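Structure below; questions to follow.
Every chain is named by a letter (A, B, C, D, E and F) in the order it is written, and numbering of its residues begins at 1.
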């Protein structure tokens, strides 16, 4: 029974600001540049969620991609889409909403809803020229 | 001397909120839905600026695309990139920062820097699935 | 009050076969080649619907893109998505489901739901390398 | 002698239907939804074939990408392009033509034509938002 | 009988240098910058050829896209692909191979092979961020 | 402290010719076909540089993507962009400028500027349909 990885791309957009409240304003401006704008800026995020497992011979599926889509919509899009990550999302109260940390958030939101070991990779595009990948550790 | 149109694509990102202060909160929520989030959301904007004119036989150019890029960077990117359109950009104080109005802003910022009649079209992608086009009137 | 054009991209997929029953099998094979396969083939169609009009000063919108999306979903996607265009869609009973004719179908489905003169253009990508545009006549 | 992986993207399109004849019509409709349409639907498939190996110092190549393209055209495109996967392709007579299984088909078609261990990955995009990856086991 | 426009995208790549031999080396370096490199540089060009006309009721086609592809291959790709535009293509002996002039070349190569008035637009992408459009005059 | 991989895409274009001076002209023409054109041809190269490491809790970054961009610009773009790889770049004097070897060049240019083990992958697109990946050995 061969194994395969299936990926679903999902779109959301959000405002954020890169700012570490434990550091001075100078440190924040020097470290984050325009990303430290106190009035926020924003992005269209393109999220890819990859799940691996054996191909079910009855369906030909590793996992019905429509089920994966609903799961990602419920656990990620409903929480992050059209939000201010710093102000509206509790998980970021004590974490900086960098692309890296948003990828970790997506992993933690999605992995518990799948059988252990099935979530393979989160890839998150912050702009058409930058993306991050997180594989769980 | 044949005429041609040249287009440069430029990227910027920004936070915004769709809200009409002349209307009630109910009207705003019903009209703009999640785009009315008081804490803002954001987008990667992909801007296409199109300039037309005769091809200069000495250069083969309608307009050196590097000059067009610098012009758009100075008049649009420096003003909108990594900004909150509602709070940081004076032009939007009495206009709603919809994609349509951002396109009008770009036209008004760029057209005066070019010979009359040369700016042909502003196309602005707000997401990979939505764009607006403005041709000056 | 400036005018602007707004475009929404929508995805659907379908099976079809190019075949003219008024002509011989030889003519059909010579004219349509592999697109004449009696068992059908299929495509992911990427549809762009463009609506123009004045920008409403109360909303900043020509037309709420969410309303346009619902309209296209109801009148196009619900009728064509995951369908066999030759067998499942009455409009194609006496028309060949070429990209050109699918674009005309989309125009006729959408235009009556908008104020007269507002629908500006249907653009339909049949593959990443081919598209057609129809402007209503 | 450093090793490298080279990838060629190839396009084909096809009709298919997800249906398990060993199960009831109700089960099939509930499991596959619109993908179970008895009249078929279809997709543009975007296939990426990745081959790894040492870089040949005489050519600078792992494998001439033109040779890889001809191999994929002969063993995949000629068999699947503009076809109905359920009716026209023998390999799918007792397998459901899901993206996962099509990826396995591509691996089995291409791997024997390459030296052992050289085929690294099959990635198959079924729509611009879904893809599967198969690495041979 | 409705009219429609069909577009085919075609890929080619070439080396070129922007240089006006009637001007001094200083003028050329100041005008063209790195594009004046005497040893040439190069691009992947993405060409879109758009043909308009009535939809033929017997075929559903404005023009069989396979015929358009062969025409563009024979008249453009075979002449420009994998070539040095300055040295290998006679048409550019007394014209600078800017994107604008390459678009004019494509128009002049393709228009005579079509019925009068059918070629609507040449669009040529020189990079993913720059393109030019030529409509014949 | 979770680990993550961050990727930056960078664009450059160049002319090149595939030619092995140790072999005959016939061998070169037979091996490289149109890529052996003595007058060169060219490409838009799309380079992806991937760096992995722990997420810094003070910044939320693995590595500030703006620092990565400047590093790649200084060590790759300034050396390869708008150049003839065969004539202008010393590293290719005794290596064929295939996509595979350009990827090795990028690795050798970037890896020494990062802490040991941080550079994870170089991916280089030579055309929209071909890419190579190099992971350092």
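A few comments on the model shown:
The rule is simple: a contact is a pair of C-beta atoms (placed from the backbone, for glycine too) under 8 Å apart; a residue touches a chain by one contact, two chains touch by 3 or more.
Keep in mind that what you see is a predicted model, and the values were worked out from it rather than measured.
Common partners of subunit B and subunit E, by the touch rule above, are C. Of all chains, the one whose mean C-alpha position sits at the greatest distance from that of subunit C is F. Distances between chain centres, each the mean of the C-alpha atoms, put E farthest from subunit A. Homomeric contact subunit A/subunit F is classed as different-residue, with under half of its interface positions used by both copies. Should one ask which of C-E and E-F has more C-beta pairs in contact, the pair is E-F. A separation of 28 Å divides the Cα centre of subunit D from that of subunit F.
Distance between chain centres (mean CA atoms), subunit A to subunit E: 41 Å. Looking at subunit D, one finds that residues 128-129 touch two or more other chains. The set of touching chain pairs reads A-B, A-D, A-F, B-C, B-E, C-D, C-E, D-F, E-F, using the touch definition from the header. Per the touch definition, subunit D reaches subunit F in the complex via residues 2-10, 50, 55, 58-62, 64-66.
Those residues of subunit B that touch subunit A in the complex are listed here as 11, 13-16, 34-35, 37, 39-44, 46, 81-84, 87-88, 127-129.
By the touch criterion stated above, subunit A contacts subunit F in their complex at residues 18, 20, 22-23, 31-33, 95-101, 103-104, 128-134, 136-137.
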